[in-house]
Amino acid sequence: MISSDVKYRVIYRDTDKMGVVYHANYIVFYEIARNEMFRNLGIPYSELEKMGIVTPIVEIESKYKAPAYYDDLLTIRATIKELPAAKIDVEYEVFNEEGRLLNVGRTRLGYVNMERMRPCRAPQELIERLSQYF
Amino acid sequence: MISSDVKYRVIYRDTDKMGVVYHANYIVFYEIARNEMFRNLGIPYSELEKMGIVTPIVEIESKYKAPAYYDDLLTIRATIKELPAAKIDVEYEVFNEEGRLLNVGRTRLGYVNMERMRPCRAPQELIERLSQYF
Amino acid sequence: MISSDVKYRVIYRDTDKMGVVYHANYIVFYEIARNEMFRNLGIPYSELEKMGIVTPIVEIESKYKAPAYYDDLLTIRATIKELPAAKIDVEYEVFNEEGRLLNVGRTRLGYVNMERMRPCRAPQELIERLSQYF
Amino acid sequence: MISSDVKYRVIYRDTDKMGVVYHANYIVFYEIARNEMFRNLGIPYSELEKMGIVTPIVEIESKYKAPAYYDDLLTIRATIKELPAAKIDVEYEVFNEEGRLLNVGRTRLGYVNMERMRPCRAPQELIERLSQYF
């Protein structure tokens, strides 16, 4: 299993007139956490791109349990539970400073060969580097 | 059943460096379609608010089938299949100008009493106005 | 002179916890109006790109006079007052449905040769097509 | 003079199809830096709100000198050069990791009494706490 936490401070831009964080922004928070997780693994996306791979989102799920507010310092946790062979499934939890779980989610990413813009298998190099965690 | 289409022209802001519409923006497209559907029903959200109700998102699902590009004129279709008593489930389809289905999704909205900020049942007035469609 | 109006309906995503449209979103509204103006001229940006040109923003100014609210149907007016030789200066006005002027702005766009990624002069074809308006 | 730096890592959401950070996002970066500056001063916005004050943007200026790219770790510097009596003028500089200046900007914020929603003078408490820096 791989897991990684990142902090994010909520700004005005993230909120809406209900006074809470606008729902679509959690999907962006997932990207922040996913990026940092791959960076922590020593495999920033920019390196995946150098391997000729992009990893578009193919599925998203998100459940909202409690609101986040302006100026909240959120913790966004990304977790990979299985070695990502054909797809990368990442799960997310968003907590506020009191440790309350505000949101849970999941994204599925595919592997796409940038040259042919077609789905492909995970690069061997990536699998090798990830397999030590599983 | 209730169904409503809205057009949306993709701008630079919607795209990312992969050259396609960034995935979280589809969740925003859903809001555009949902707003227009309620407006077409003669019940804009602003009227729900006057009834003392807000309808926060409690769940989102989205599946990405093909990319949208800059300048694409998208059609976003929102559909309600069942009379929304305790929750409002809205389904979405996003098409490009060639009629290709790019994305499907679903949001679940709850009813919240604005004064007490607690979940509540749908206002009777809303149910009456919607029930003619089911 | 060239001038073009486009309508935009404010959604939740555009607002912030002050209950009004978040200031940076007006800069996005400018893009919507600019896109439609070029489209109305028969020169969508996608065609500029085919000429090998991109037009990055080099300067922005914006003045906020009155707030826009959720569900407002805004009119965003883009105007070019001078034939855009070395730079394209576009001015903007944003009105609400009552015709109240909410915001005025200006963007300056440069011409960049996509191949060399360096500033360049306006393509002759573009100047010819625009010059009929001045 | 008051000055404050904050780091920001560019994500996919911030970029557009030109492969660079979309121009309107710099205005959001300004908000991040402004928030942190006020927090560092011991006066987070949430405290201003408790004084019954909101500070809407009344003017923005931004000049783009060089692009920022995906995964860049930006430094956003906010500076207040004069004691903000009737208005708060904040200046911004955005640097990449090589220390290259990518963007400069300025925002003017007004003081608005939340109760009457009308312009007002700076709260005495705020002026006193800021005056030690000038």
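As written, the chain order gives the labels A, B, C and D, with residue 1 at the start of each chain.
To be clear about the criterion, a residue touches a chain if its C-beta (ideal position, glycine included) is under 8 Å from a C-beta of that chain, and two chains touch if they have at least 3 such contacts.
The structure displayed is predicted, hence computed values, not measured ones.
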item: Contacts common to chain A and chain C (chain labels); value: B, D
item: Furthest chain, CA centroid comparison against chain C; value: A
item: Centre-to-centre distance between chain D and chain A (centres being mean Cα positions), rounded to whole Å; value: 27
item: Chain C-chain D separation of Cα centroids, rounded to whole Å; value: 24
item: In chain D, residues with contacts to at least two other chains; value: 12-13, 18, 20, 24, 28, 31, 70
item: Complex interface listing, chain C residues touching chain A; value: 12-13, 15-20, 22, 24, 70
item: Contact set on chain C toward chain B in their complex; value: 9, 11-13, 28, 31-32, 35-36, 44-46, 70-71
item: Chain B residues within the chain A interface of the complex; value: 18, 20, 23-25, 27-28, 31, 54, 56-64, 67
